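First subunit A sits with subunit B, and in the next complex the same chain sits with subunit C.
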Partner chain A sequence: MAFVKTTPSMARKAPLSEGTLLGWLRLNLFASVFNSILTVFVLFIIFFTVKALWIWGIADAVWVADTRRECFNININGACWAGIIAWLDGIFYGRYPRDELWRINLGGIMLFIWMAPLWLPRVQGKILVGLSTVALYPFLAGYLFAGGDKGVFMQIMVTAAIVALAANIANAAIGFFINGNLPDFIIRSIRQNEAPEARQRNILLAILAALFIAVFVWQMNWTVEVVSWTRWGGLFLTFVIAGIGIASALPGGILLALGRRSKLTVIRVLSTSFIEVFRSVPLITVLFMATTMFPLFMPEGFVLNKLVQVIIAVCLFNACYLAETVRAGLQAIPNGQYEGAHTIGLGYWKTMGLIIMPQALKHMIPNIVGSFIGLLKDTTLVSIIGLFDVLTILRSISKDGPWLGLHQEALVFGAMLFFVLCFAMSKYSRHLEAKLSTGHKN
Partner chain B sequence: MKLTVLLTSAAAVAAMVFTGAAPALAESTLDIVKKRGHVRCQVGPASPGYYFLTAKGEWRGLDVSVCRAVAAAIFGDTSKLEIQSVSSQARFTSLANGDSDLLSRTATWTMSRDTQLGIDFTYPTFYDGQGFTVPKNSGIKSGMDLKGAKVCVTTGTTTESNLIDFSRTNNLNISVVTFEDYNVRDETYLQGGCDAVTGDKSSMAGNISAFPVPSDHMILPDTLSKEPLSPAVRHGDNQWADLVRWTQFVMIGAEEMGVTSANVDDMRANSKDPAIRRMLGVEGNLQKGLGLNKDWAYNIIKLVGNYGENYERFMGKGKEGIGIPREGSLNALWTKGGLMYSPPMR
Partner chain C sequence: MTDTKTQDAFKAREQLASAASSEVIIDLNKVNKWFGDFHVLKDIDLIVHKGERIVICGPSGSGKSTLIRCINHLEEHQEGTIIVDGITLDKNLKHIDHIRTEVGMVFQSFNLFPHLSVLENLTLGPIWVRKMPKSEARANAMKYLERVKIPEQADKFPGQLSGGQQQRVAIARSLCMNPKIMLFDEPTSALDPEMIKEVLDVMVELADTGMTMIVVTHEMGFAKTIADRVIFMDEGDIVEENEPNAFFDNPRHERTKLFLSQIL
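So, the complex of A and B:
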């Protein structure tokens, strides 16, 4: 029939508002008179802000000078980044002895190596890797940073940590390059894969014990110089406090949240009151109490380690905040999930560990990461009690003879530093959400 | 039973705290310090000239030199020292509760502090006084010209109340603009947010030296208050107070007698002056009452230097210094019209 077109008609050109820059501008920025005025106004503001920042921070800035006065002599209107550059070691490491900085760097590299397997594909035993990071790495790093005499306990923990790190690296390499895990690999390479399970286990334990003893003997003679915690500072100190806080606040928060929802009255009341007390007192009050009131109760000349006090305070605080976040996540899980778990015969811990928590925590990732970002920024409060975190160091620059009065540049640098850290955390949280998403968004 | 014990001890502790009784000193501070192996010396959050961090992470400054001198006197080693940086709210508590052995941080020696806080001041390291900074071209020549002016001041200090008193007594009707951070205060002043800045003259001189064009500003001759800045020790341990005080006197006396860190070895070997010989431990037994070694004063001068050297380095014109002239000020030696005076060492 003649009505039916047998050839496709020509594609029409897209309307101007689609696809062209002009169209986009029209649609988004100049859709109405009011919008146009707003756009011009905002552009105007952005232009002047960015221009001023550019001139101050880049175009007129001085990068090489010995004193602030020299900066002024070169260009009086620009930022004096030379001072920040001269202070970089101080900003990152605080008052840590400059000959011992390798210890902090090594500690950081070890943490990276330790955790890298978590992000590598095909590596097995990731839960063990994560657990050992929280349980063993702090001892190795702690000794590396503080130094001095190792007690017997510390010797054992350091040895365990070194063995765990070695096993972790080997396991990751095997998993990444040839598939499988470390125990299987050992058993196969000594041709015992046909042997009974008990024998295999004994062989592995023997290897572990031999390795442990060898490392133990070696580390007995390995000591590093004492560096008092009073010399810790800068971004390093911020990371130590925030790192320990983050690593311990989440487990603590989960336990407290479960405690608060427990059917056992004692546990519920204890958890609830603990959470409520710590959430109703400002962190700064507790920090003050701990450092100025505590020595009055202590024997003469007894000085508590302020850093430990601060870390404990930060951990308890954030555990309480996270407990409420986790509890919110738990509330969101429908009853059917619990009932389902019960029907297939799971007990309390298995129900929580396998069914409820994975869902609850996944829902709460944005809030949990939000708490972590808050924690990182809260660490700047420790300056009040005389610890030299990164912000205190930045503020000290303006009081150092050669750089007298250099405070704007320092604060701008600090803002950029914190932005980078917090933005990275936020980005990682988005990535985790996407990765863990099971597709039923509601 | 246990609860009773707990309650009783809690009550005892509370009673001790609230009656303000200091814990009984079983040992002298010097013994504690010697046993511990280092001196714990308290400073504040960095303050230019007096105590500040360098890029290498070391504490330096005029007040830090007193700490170092005490460590040198006791141990002959300035590294046997822990510098504690304590906020100004906690400074006297921290000294009184035994956290610090010594406080050396621009604390003004006032009667109430000396008599009521359980601390003793030793001897001023610096005589300061509150004054005004104004732009040179403003036409203001004295404090009396500040009628109706806007004056910037940092809050929470006696500076603010001194300013209000000054304004009231002289009927000046000054409006006060307060700031938390002196850097922001100066920034506001430089951008014309106020007609003058008030603060301690020494620190203002330091701040002016950091202005883009220092020669555009000047400090008015008026002095609103007396601020003798002195180290302090816990009340009740006189030997320790003597030790700190005489450490300071050695630094001042050495300058008087022309002994410097550069020539002290030569002086000890060759000087005929009995005063110098006594001070450096060549003859006599001056160190006896302090419980120190004979070379205590030698160590102070050799390792830290005399008062003048330290003044030049941190308050004077050097690279690290903040550029406060010493000539004709109260901080000159008494022989040059100042107040720095050491009792005779004999």
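So, the complex of A and C:
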């Protein structure tokens, strides 16, 4: 019984459900009578919700008014956005002196410029860009925001940050417009590309040192007025806490996760207990501990400002959460990857840094971003210990004379603000996942 | 009586071993290893000379993979001594790191780094361990990719290659470190039949260059072509050892006979 195919099978058109909108509707929304009834019912509910929101928030809303009373007089059915608009500066900058707002804006612009190369095509050295953002930008921004007298340490860090920013911009421009990177470009433009590597490196180091000294001298006379942390507030403060939290929680989490998997008993036990303690208490407790208990353990006269304490607490708390996320990611990496790395002679740190972590973090992107989103939302808890974050400011609008009782609009605005931020982060994490995917996982 | 017998046996093995050359590169002396209570390697003695090609075969669970994994210390033995390239494997991490740069290994499951391109897989070791300049490492990697006949795949990721291609990349990755010894742990067992040949061809070519090779495999045709010695292991013992023609045509131990009758 042999079978030999004589005519080849022809390709046919795909069924209706594939590809056409009408087919998709038929299959997914109106497949049966019951299905159709449900669809109509849900559409009905969506329609009325959206309509009510539209009337309250847009159609009948009042955009220009001086007091809430005036809003009512114009249209009592609509939202009184005029109050929010009048308070926008407060929502974004808290009680930061109005004349000094440019410092916050400049800090934001610098962060944007610093990180923009990460998204530009053809730019080289993106890892360094990312690292310098985390390691150096906070010092420059921190000084810009807080102002006052720079100590020697801050002088050095601010200088390093300015040099790094300049090098970053130059490197990005070279990468984007003419391909290549900054060191190569310098070496080529002074015609030293044939020189031995050691000599090239020395030349680059000399240029770096000269630049560093020049900037150091220049910035010595540059000071900005002190703005006490008690005047920081609004979305700005939320960003400061969340930003530092995000930037330090990941490295902290990685170290704790590695510590927990370490073969050295002392490190393992310490990391494990640290993680477990912080994970088993609510963030509020940690915040209260940081602001009320922590000073008790410190020597007399040791005063750390409350903001710093809060930031440290947020960082530690989130580092512990991320440590568990990272550990889960590490466990998903098959043993063969370690063995493959060992057989080409990589030691522990190189194996972790070059082989294991990049893969583990890639698997963990959704969870890590999830933690970051949680962190951003958790920053609203600092209102309880008396910091003026964006939520506190929004709630204080209703206690402000002309806008007395303006709760709804303020909270809806806050909800929209957080939604936009969190949704953007979530979308970006999806994008990262897709971009970093390299086909099969094994 | 038994003493003279073991001594005779030892001499016979020595003679077999010294057939290739005289410089000893791997020396295992009374190596024992346990996984928990399970005794995987029992008093293993093995001397490998430079340039020798050894095939190890045996039923699963016989300890053959464990044996070669002990040679680059992926597994730690508990008793006995292992000397590789003049260095004794002990607790000293420096020795282990050094030996790992001299001993290349190819795994059944390839163990390529999926997040790096083929070229990056190959240059990683030379750049980070050998401190080779990047351009040189790349040229070196391309040379080995040409040797395993897939230079056109350099910029792809491992996940985009077939199993046979991945295994050839894995061989090239090991060769890039310029090792003195190559270990192969069932390199073709995870491959589809039509891909086995392309990997074996590469290994035969490698054998022709005079590389010291220890290969755990059941590819008996391959063993006949390249091996200087075939070692048969069972239950943690080296049961029989002979040059390939004699081993296959005239197995002497009962278990070897049984094993060969099952796989041939």
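Simple rule for what comes next: the second predicted complex is superposed on the first by the 401 of 442 C-alpha atoms of A that agree within 3 Å, B and C clash if a C-alpha of one lies under 4 Å from a C-alpha of the other, contacts with A are read in each partner's own complex, and residues count from 1 in each chain.
As a convention for this text, a contact is a pair of C-beta atoms (placed from the backbone, for glycine too) under 8 Å apart; a residue touches a chain by one contact, two chains touch by 3 or more.
Bear in mind the structure is a predicted one, so any value in this text is a computation, not a measurement.
Enquirer: Which partner does A:Gly386 reach: the first (subunit B), the second (subunit C), both, or neither?
Expert: first
Enquirer: Using the superposition described at the top, determine whether subunit B or subunit C touches more residues of subunit A.
Expert: Ranking subunit B and subunit C by residues of subunit A touched puts B first.
Enquirer: Looking at the overlay, does A:Pro8 come into contact with subunit B only (first), subunit C only (second), both, or neither?
Expert: Neither partner.
Enquirer: Quick check on the superposed pair: does A:Ile344 touch subunit B, subunit C, both, or neither? Answer first, second, both or neither.
Expert: second
Enquirer: Between subunit B and subunit C, whom does A:Lys362 touch in the aligned arrangement: first, second, both, or neither?
Expert: second
Enquirer: Could you look at A:Arg395 and tell me whether it touches subunit B, subunit C, both or neither (first, second, both, neither)?
Expert: It touches subunit B, and subunit C stays clear.
Enquirer: Touching A:Arg98, do we find subunit B (first), subunit C (second), both, or neither?
Expert: first
Enquirer: With the two structures laid over each other on chain A, which partner does A:Thr67 touch: subunit B (first), subunit C (second), both, or neither?
Expert: first
Enquirer: Which positions of subunit A sit in both the subunit B and the subunit C interface?
Expert: Correct list for subunit A: none, the interfaces share no residue.
Enquirer: Spell out the part of subunit C that touches subunit A in their complex, as residue ranges.
Expert: Those in contact with subunit A are residues 72, 74, 93, 97, 100-101, 103-105, 107, 109-115, 124-125, 128-129, 133, 157-160, 170, 173-174, 177.
Enquirer: Any idea which subunit A residues touch subunit C in the complex?
Expert: Touch residues, subunit A against subunit C: 197, 336-337, 339-347, 350, 354-355, 358-359, 362, 436, 438-442.
Enquirer: Within the complex, which stretch of subunit B touches subunit A?
Expert: Touch list, subunit B to subunit A: 13, 16-17, 23-27, 32, 36, 40, 45-49, 52-58, 60, 82, 84-87, 90, 93-94, 97-99, 181, 183, 186-187, 206-207, 209-213, 314, 318-322.
Enquirer: If you look only at subunit A, which of its residues touch subunit B in the complex?
Expert: Within the complex, subunit A touches subunit B at residues 67-68, 72, 76, 86-87, 89-90, 93-98, 228, 230-231, 233, 288, 291-292, 295-297, 300-301, 303, 383-386, 388, 392-393, 395-396, 398-402, 404-408.
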